[in-house]
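Chains here go by letter, A, B, C, D and E, matching the order in which they are written, and residues are numbered from 1 within each.
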Amino acid sequence: MFAPLTADEWGIVLLSLQVSGVAVALTLPAAFGLAWVLARWRFPGKVVIDALIHLPLVLPPVVTGWLLLLAFGGNGPAGRWLEDSFGVTVMFRWTGAALASAVMALPLMVRAIRLLLEAVDRRLEGAARSLGAGPWRTFASVTLPLAAPGVLAGAVLGFARSLGEFGATITFVSNIPGETQTLPLAIYSALQLPGGDALVTRLAGIAVLLSLGALVASELLVRRSAKGGHVF
Amino acid sequence: PAPKPPTVLAAASLQESLTGVAEAWVRKGHPRPVIAFAASSALARQIEAGAPADLFFSADEDWMSYLEQRRLLRPGSRVSLLTNDIVLIAPAGSNVRLSAARGFPLAQALGPNGRLALADPDSVPAGKYAREALTSLGVWPQVHGKMARAENVRAALAFVARGAAPLGIVFATDARASTAVRVVSTFPAASHAPVSNPLAAPARATNPEGEAFRRFLLSGEAKAIFRRFGFGTR
Amino acid sequence: MSFELDVSVRRSGRMLVAQFTSDSAITALQGPSGAGKTTVLDMVAGLLRPDSGRIAVGGEVLFDSAAGIDLAPERRRCGYVFQDLRLFPHRRVRDNLLFGWRLTPPGERWLTLDDAVEFLGIGPLLERMPASLSGGEAQRVAIGRALLAGPRMLLLDEPLSALDRARRDGLLRVIEGIRDRFALPILYVSHDAGAVARLGASVVPIGE
Amino acid sequence: MFAPLTADEWGIVLLSLQVSGVAVALTLPAAFGLAWVLARWRFPGKVVIDALIHLPLVLPPVVTGWLLLLAFGGNGPAGRWLEDSFGVTVMFRWTGAALASAVMALPLMVRAIRLLLEAVDRRLEGAARSLGAGPWRTFASVTLPLAAPGVLAGAVLGFARSLGEFGATITFVSNIPGETQTLPLAIYSALQLPGGDALVTRLAGIAVLLSLGALVASELLVRRSAKGGHVF
Amino acid sequence: MSFELDVSVRRSGRMLVAQFTSDSAITALQGPSGAGKTTVLDMVAGLLRPDSGRIAVGGEVLFDSAAGIDLAPERRRCGYVFQDLRLFPHRRVRDNLLFGWRLTPPGERWLTLDDAVEFLGIGPLLERMPASLSGGEAQRVAIGRALLAGPRMLLLDEPLSALDRARRDGLLRVIEGIRDRFALPILYVSHDAGAVARLGASVVPIGE
């Protein structure tokens, strides 16, 4: 149980980190943009956008995976578009696993970022403008750092959620060792086996260690920023 | 007082047929059984954890044996009731022609990037049978790296139905259920152990209605209904 | 004309009107609490848009509702010492001071960090975070931050209210020096009649 | 597809609302307590508690369900304790579904609350104390209202997550119509049915409407509080 | 003795020591910016714990590190007007004013909302949120909130710094009235020498 990781297990761990890392990195800007729109703009129908963003939380993951399959599967329009414009294939590829994770993590990230964006003291933005900073620089040097705890929390939540993502991933891109078999999929396979308990426990232990590692890393970032160094 | 309805834990792949049988049972004036459909593995673990169930209808023998070894089944209640075929399927619009026989060109039919959709061959019943059949036909090594393993057999079916995979392997009953796929070939019965869906009563079951429903499931009337949904019966 | 204002704006259901031109080096806004002094500075700085009217400083039109002119705050280059200070809480004192300075082309700066630190007496505070400053310390940092941005006009909203007499006198001398050396138009809000008199400010009553 | 809900569907919707509502109501105080500890206390090993709270995010839901099954099953220690002390049975009961949802929602709620607790201006608490409010009243009249956006966001996230909870629930308390078959489980069942696509779409549509309703309700609360009425 | 202090505390690496006894009705703390005046008030109010020492007000010991006494802030009953005001941002002006008043047993209140609103001139502001107040308006609300809690001593940290001369004079009269009618010990921090003189305060230098 406490034996060092086998080569296969290392492969799974690295793939999980890659999928989650890419998912969070890709989603963060989108999540920030959506949080910004929700926090700062007023327009009719805003609550509908808000509800759409929450959908991956509310729908069972397999349905999200199924919808992704409809959109990106062999006949899906989005899949063909991605393929034609960027040459990116997602079906049965790790990129698809990252896409599924990203979709599932999005609502968590948007909420966390939005919470802090709404708490930012707008008068400080006025002060920055008055000191000569344009809107973008004001954003980068005042708004973003003040919302940093929310961005960080969003990234941590999103990363954790991605590490645990199972239902949408397996429904969308199936369980392909070395390509889409992330840690949860490996755990699920083990759980299906009579007598697979020991393996499940071992793999779950690895997941626990990963999440602990991610949290320690985020705490270090927070401490750095609390000391007055900037996170951004 | 009205008899308490029995609680039945059944593999998700039995949903349609078992619901049909339960309807017939209700028409005879019995209380409607409460049936929970989920993965056999989850149901078996629930029985192991002491869930109050009166019948367990599994998708494969392995989980049933797991419970039997732990003395969690009522002795003598285990019956292998249903049989099934495994089939090779393709999207309805595909014109691929193949016959599942020794060394048939499965990998070639998949093309360079196509994947073979099937339930996880390591753990899910439909996948385990598929692996056994492909191995005995000598084509397993060709497709080993070209599989899309699904969480359950219906998800494998969906990959083919959505055109995400050009070929897949599912139970005959699943293939019948979808108009978006067609059966390309049925695997020879000799290429794999007989597919069977066993039924048993957990040792803790006490509801007499459960035993009554179990006996009904073994009756010719129930078997006829199962056959209508494509199962074989024993 | 250093300042030409003719603006009106609605605040909390009341209409505030400010209409004056001033030609002095320093213009003091005076009026009772809640009269609208801070509101006027906010409009000059471009942080509050008047409902209508016109604002010009040193002959340059900053806002004109009729002509559709509304310069962005960052292009108005006003050194604004806010009544509520508004130090950036996530940056050290040094980075607060240099915020505007770094954004100003070197040729347009007219004050160095060392000089500012010297006459404000904030040398020991440079590495501190704003949350740990005393009231008067924070006020001095806010003054330094505004001046270091090399502004072309000054908007001072009770800039010396939290300072002891010695510091206040010292900083009044600094403001006099700026007035005389750089000829910046200065809007000065203060309840301190002594300071206003000493700066030779022409007084504009607000809210009467 | 747009026909009014059948009696069965109403039953499923009401059960889902009941399970999610109870889950959020039960978890909110616990989440607040944990958020408080994480935001306000300093002690060694804090990051371990933080990691434990994130576990239900990182583990695949079926593993969480399995662990719940081990703990609360007929033979599990926690199950026996619940039964003996409160007479509450969770196995195969809707209470178990609520428990599973609560565990899955917890990390989201803790994070949202913690984010705002950390943003509360502690000097205002000092002012309240000085005006004669004891620690509890200070908490109730200053800290809690100032953290209210976080509590509300946590409740919304938790409720949405509960509405969508599938893997842990089906593993823990199975898929029992009328007792533990919430909307996601009903959708799963429909996905297993041949030609179930129409039913899946219909049920997913209901889920979407539920989430929209929850969000509109939360927005109304926010507006009320923004107008100066207290949420708490 | 109205105030007896002998305390020391570390702040930003510096040791601040305050040691004085005062018998006057009003004690004014004076000293340069950053000297430690606010720090002293915070210690008297119980919001900052001295590293060691003793604090007694009107003969009652509030803090004594040797005897292990440290009264909770809510039991010290000091009406503290904070230099940074600290109005509750989520409550209307009326609820800010009544926050302490509602927590005080009716017999111990010595001011009504109507009277406070009257002499502070904040009638039109009662339904407003604090974020929309001008600097002087907010300061007057903070004074009202402290007085309405029926305190047994006053800690006033630059309470009139944002007010115009007329308001300031009016409120000085109110403070004189409180001094004379209720005999509350008052600690008064101000850079305004005129106000200190007028209140007849005995001056305690801080930080020299």
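Side notes on the structure shown:
We adopt the following convention: a contact is a pair of C-beta atoms (placed from the backbone, for glycine too) under 8 Å apart; a residue touches a chain by one contact, two chains touch by 3 or more.
Note that the structure is a prediction, hence the values are computed from the model and not measured.
Contact with chain A and chain E alike is made by C, D.
The chains that touch both chain B and chain E are D. Centre to centre, using the average C-alpha position, chain C and chain D are separated by 50 Å. Per-chain CA centroids place chain C at a distance of 29 Å from chain E. Note: centroid distance chain D to chain E, computed from Cα atoms, is 45 Å. As a whole-number value, the distance joining the C-alpha centres of chain B and chain D reads 34 Å. Residue numbers of chain C whose C-beta contacts span two or more other chains: 84.
Touching two or more other chains at once is no residue of chain B. Among the residues of chain A, those touching two or more other chains are numbered 62, 66, 167, 188, 191. Of all possible chain pairings, those that touch are A-B, A-C, A-D, B-D, C-E, D-E. Across the complex, chain B meets chain A through its residues 39, 41, 44, 62-63, 65-66, 115, 117, 120, 122-124, 147-151, 155, 158-159, 162-165. Chain C contributes residues 45-47, 72-74, 76-78, 80, 82, 84, 86, 88-92, 99-100, 103-104, 129, 145-146, 149 to its touches with chain A in the complex. If you check the complex, the residues on chain D that touch chain B are 62, 65-66, 69-70, 73-76, 91-92, 170-171, 174-181, 188-189, 191-195.
Contact residues on chain D toward chain A in their complex (touch as defined above): 47-48, 50-51, 54-63, 66, 107-108, 111-112, 114-116, 118-119, 149-150, 153, 156-157, 160-161, 163-164, 166-167, 183-185, 187-188, 191, 200, 204, 207-208, 210-212, 215-216, 219.
Chain E meets chain C in the complex at residues 12, 30-34, 38, 83-84, 128, 132-137, 139-140, 157-158, 161-168, 191, 193.
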